[in-house]
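Quick notes on the structure that follows.
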Amino acid sequence: MTGRDDNLISVFIDEEEFLVPPGTNMVEAARLAGKEIPHYCYHPKLSVTGNCRMCLMELGMPLKDHSTGEPIIDRRGLQKIGWMPRPAIACATRAFPGIHIKTDSELVRECRNGVMEFLLVNHPLDCPICDQAGECSLQEYAADYGRGYSRFVENKNVKPKRTRLGPRVMLDDERCILCSRCIRFCKEIAKDDVLGFVDRGSYSTLTCFPGKDLQNNYSLNTVDICPVGALTSIDFRFKMRVWFLKETPSICAESSVGVNTHIESREGKIYRITPRRNDEVNDTWIPDSGRILYKSIDTDERLIHYTIDGSHTLVDGAAKEAATLLREGAVAVVGSGRASVEEQYLLGKIASAVKAISVSLVSRTGDGDGLLVSADRNPNVRGALLTGLITSLPHANLGGLASAIESGEVRTILSFGEDLTQCGVEKQLLEKVNVIYFGSHCNETGEVAKVVFPTLTVFEKAGTFINQQFRLQKFLPAVPGPQGVLPDIVSLGKLCSILDGEAIPPTGPEGVWAEMNTEIPQFSAIDFENIPINGILIDGSQWEHLPFIEGMSLHYDPDNNRQIMAEVTKSK
Amino acid sequence: MEDILFYIFSAGILVSAFLVVASRNPVNGAMFLIVAFVGIAALFVLLESFFLAVIQVLVYAGAVVVLFLFVIMLLDVEGSEKIRPRVLSVVAGSLAFALMVLGVLALFASGLGGPEPDLPIQTAAALSRNFGYELFTKYMLAFQLIGFLLLAAMVGVIYISKGGQSTAPQSVKKGEEVAQ
Amino acid sequence: MAFKILERKPLNWAERTYLPQIITGLKITLWNLFQKKVTLEYPDVRPVIPEGYRGIPTLVKDPKGREKCVSCQLCEFVCPPKAIRIQPGEIPEDADYAHVEKAPKQFDIDMLRCIYCGFCQEVCPEEAIFLQNDFSLSGYSREEMVFPKAKLYEMGGTFPDQHNKWGKKQQAAEEAKAHG
Amino acid sequence: MNYLPVLIALIKAVLMVAVVVVIAAYAVLAERKIAGWIQGRYGPNRTAFPVIGYIPILGKMLTRLGVFQPVADGLKFIFKEDPIPGHVNLVYYFLAPCVAFIPAMTTMAVLPFGEMDGQPLVLANLDIGMLFLLAVSSLGVYGIILAGWSANSKYPFLGGIRGSAQMISYELAMGLSILPAFLWANAPGSETGMSLFNVVQSQDQLWMVIWQPLSALIFLVALFAETNRLPFDMPEAETELVAGYNTEYGSMKFGLFFVAEYTHIVIGSGVLTVLFLGGWNFFPGLPSPWPGGWVGGVLSTLWFLLKVFTVVFFFMWIRWTLPRFRYDQVMRLGWTVLLPLALANLVLNAIFIALFDNWFV
């Protein structure tokens, strides 16, 4: 065999040879080979317990003569395989050279049929009312390996149907198949060991330890990993069947971790947010706090009209008015760490076109939990650095701006999505100057603003964020924004083209990227369409001296990261 | 009474005949042609020549102009509207008109074209019988000549409409070659 | 595949005139002229609805008056013209049928969209939606033709429940409590 | 000048037009009823007239027969909205229905419908009546052509083109097919000429259809084509051309076309009856039993009408039996079958008469 990587070993899955890294879990090896080994308790990011017995397979290994150590050759001239007399579980088997497995033999099917039958003995026929229906492993494998009718004539076990494990998680005990994924998750990932089984046999029950609640910020991940409908989200419970939901890849804007998500929506309404697996960022997890961010988009506080002095207008009118104000000079620009890279770039272009006196960014900080919520709650501070909008890290307080207004140095303020009254600029002060406000929701800055541009939220527009690892990740629009509100790139682009005198403003991120390709060296080879789903690492070594406030989190170690950045630089 | 009717019909014929030539829209021309034909039929009625009148309507108004209309509709009307009188056709038309006037004058001069004495009043049935009898005996030669003239005209039309040269078998052959 | 070219039988002289065939046809139509008419004079006379007829879809209740629908939304999913709209809701824990947990908060069928395909009846795991005999609906506005839950239940009425699934479930739960 | 004869002629004309239009209207009803019965339906049976419809048995029966339907249809034609498409040639668009309607009505002037004391019951007993009839009815094609052309839309246009081609084609065969009949009617010494009345009188012993079946057949087929009835309804052809030449017409303008079509059928049936079915003569070989005076006139007229209605029924019967010909089939039938056949028929008859004349008489 040619081209064999020394690091890979060969395994034989259903008599076909595949190369996998040594020690690969056989469920994963089979997945790489395009074969599915059904499983309930196994989860790629959790420890292996092997208690569901669904992943049984036949295991064999090439035979050697015990005395001489010579391989035993059969009549065909191949090494003889010694098949184990009993099936083994795939999840607890690791790849070693020459391992043979059968994933679809008669014995294996019988085993799975048996396991399914036992699992279904006490499982209620709840599918019509079960939220898991449609994404339920039990449903799926019952279709593959179930017998279609029940031989169980006794009464099914009756267990409590509505147990609140915590503020966000509801347990339906009847449906639980005791896979223990949730227990392992709490113990190993969330480090909040509150779940466990009590009682024996058919009476085994999942429960919280006495006096404890499943209330950590990651509790809803147990709902995601539950293979059946035992754990359900109280928020999503009975809201919508999952087969109606359209999944749109997006990025969580909660913090600079940049958790990969799926926005699940139906007909323009978001019903839930689920994690999207990205082994470089968030594995398969997402904090509970990030799941509820979408709730703010459909409120009465949304700005839906382009206004000048409070009267409605169209985007072109607003852009013209804003350009007139900006051309008067003495402009201060307040950008946002929540804006996408494209918007920050366009904002930077506007700032340089009007020769802004100051460009600032508002920082948001909180406590990092060391997992998926970092201390920097702005998802895209590094984007602002890369696009050249700012050169130093942002501050929470815009005291400098306040004094500049007072001294009359600044006559016009362009705020992109930031409520200046929240960061040290009093409303009375703002009334002295012309404020141009881009924002998605009403606030005091919007109230005093002369020109208001309504903007879209991250769920409604396309764009990119750069997370703490300098990883460029893109998000796509999941739902349409309010009627008549154009994407932020369009309104910024229109303003920008008036100030620059350029004829055609960009209509989407692709247009901005075409420009950034030439303007920003780190972006030179990137095309918005082709940004990989797992993101792409950007060379951020230029800023590594800056005192970023993020600490350790799931895949991020500030010290380690500098080394990675150095490698990225070298490889370019 | 008859005189008044005669002048009315004559004026109608002249006006509509002029409009046949002057109309830019060929359909209008054809319609005025019908009016002219019907007017002529009316003149025949005034002369108590009912048979001719009816034949005039039946053949000319009922069949010939229908064919004209048929052709006009199949042609590109927009295109034909652009046709302007050419010098040749004007000259030829004037010549033909002059010839016709000359012929009529000659007829009158020779005395042959003068008013015939009134025919004895006969029943119309006998009239049409006489009409046929005369046509197929006394005027047989003229009748045959007109027939040949029409035949020649028809052959000429077929020749012109075929484009003068291309005949069907050749074009079939061409098609075969292309197919191969 | 072997195939055989069948020569069409040449027509004889009489057949080529088509007249015998025309006469045969005339005989048939004349015979039909005096046959009993098959038209049903609709609004006065109603057709007999056969077993398994697919009329308007309605929701039904079980003999105890419980709404059978648990809003699994399979009918909404399967409905080809997307005529069904369901908003699911939770049955409060202190309700009589709390063990069913889920019931439609809103259940609308747009009868103008419905194509009476019967998929909803076929797909329903709870046997809660049935197509009834009614086939003609009318209203004065589009909004009126979107039938809400109450109206669907009113039209559907009560159906016998052969499985009594939820009843058994409630019974089992009570027995389990008794065992304690 | 004495105006009285003019006035009487006018009253007669109006009366006849009214009668024929009513017959045409009921022909429409008959068409719908016959179509229904042949297809196993009832046909129109709902329209009730306020007072008459409530008479216990009679009213119900009349309603079931659809007797009031033509009234409703007529009212509908009058009161319906009359849309005029935006891009029609307005002059011809308005002219076409009139041009279709007037010749249809004019032809009836020379059609004798009865006999009283040896005198014809007819508006104008022309000696060349048959020629007049052919001449005027040949003008009817302009209605179709103009309607098709002025509508400025493809289906009417195709209908108009097809209709005109078809009518020209069959006019020849029609004209030739009636000549043998006149040849025989004009026995040596008789003064029949082209008079329709005389043709009927010459059939008092033997109907022409028995003596000249081929002529009768050709005439019948050509009549179907000339009236655009179903095996030949090229101009309308609703399965292919929407509604053919009158696609763009609505309301009373369409009504005029409609009435014209059925008037053509009625008049055409009358001509067929006069030429080949012995007019008001009783039965072949039997002397007409009509007494003298107006009683005889009425009876002969009724007998004539009975024959006409039978032919009209035959028209409808054929319509709901035969499918439509294809356009090229229509043309081929006209030019390569009917025309040579009619010519041969004429020539053979002429030779036969010549021989008969010279050698036996």
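When the chains are written out, they are named A, B, C and D in that same order, and each has its own residue count from 1.
Note that in this section a residue touches a chain if its C-beta (ideal position, glycine included) is under 8 Å from a C-beta of that chain, and two chains touch if they have at least 3 such contacts.
This structure is a prediction, so every number in the text was calculated from the model and none was measured.
Of all chains shown, C has the CA centroid lying nearest to the centroid of every protein CA atom.
In terms of C-beta pairs in contact, B-D outnumbers the other of B-D and C-D.
In whole angstrom, the spacing between the mean C-alpha positions of subunit A and subunit D is 84. With centres defined as mean CA coordinates, subunit D is found 30 Å away from subunit B. If you average the Cα atoms of subunit C and of subunit D, the two centres end up 52 Å apart.
Between the CA-based centres of subunit A and subunit C the separation comes to 44 Å, rounded to the whole angstrom. In this structure, the chains touch in the following pairs: A-C, B-D, C-D. The part of subunit C that touches subunit D in the complex is made up of residues 22, 25-26, 28-30, 32-39, 41.
Against subunit C, the residues of subunit A that register as touching in their complex are 124-125, 127-129, 133, 155-158, 161-162, 237-241, 243-244. In the complex of the two chains, the subunit C residues touching subunit A come out as 70-74, 76-77, 88-90, 93, 99-102, 125-126, 165, 169, 172-173, 175-177.
Taken together, the subunit D residues at the contact with subunit B in this complex read 92, 126-128, 131-132, 134-136, 138-139, 141-142, 145, 149, 157, 160-161, 164-165, 167-168, 171, 191-195. For subunit D in complex with subunit C, the residues that touch the partner chain are 34, 36-42, 317-318, 320-322.
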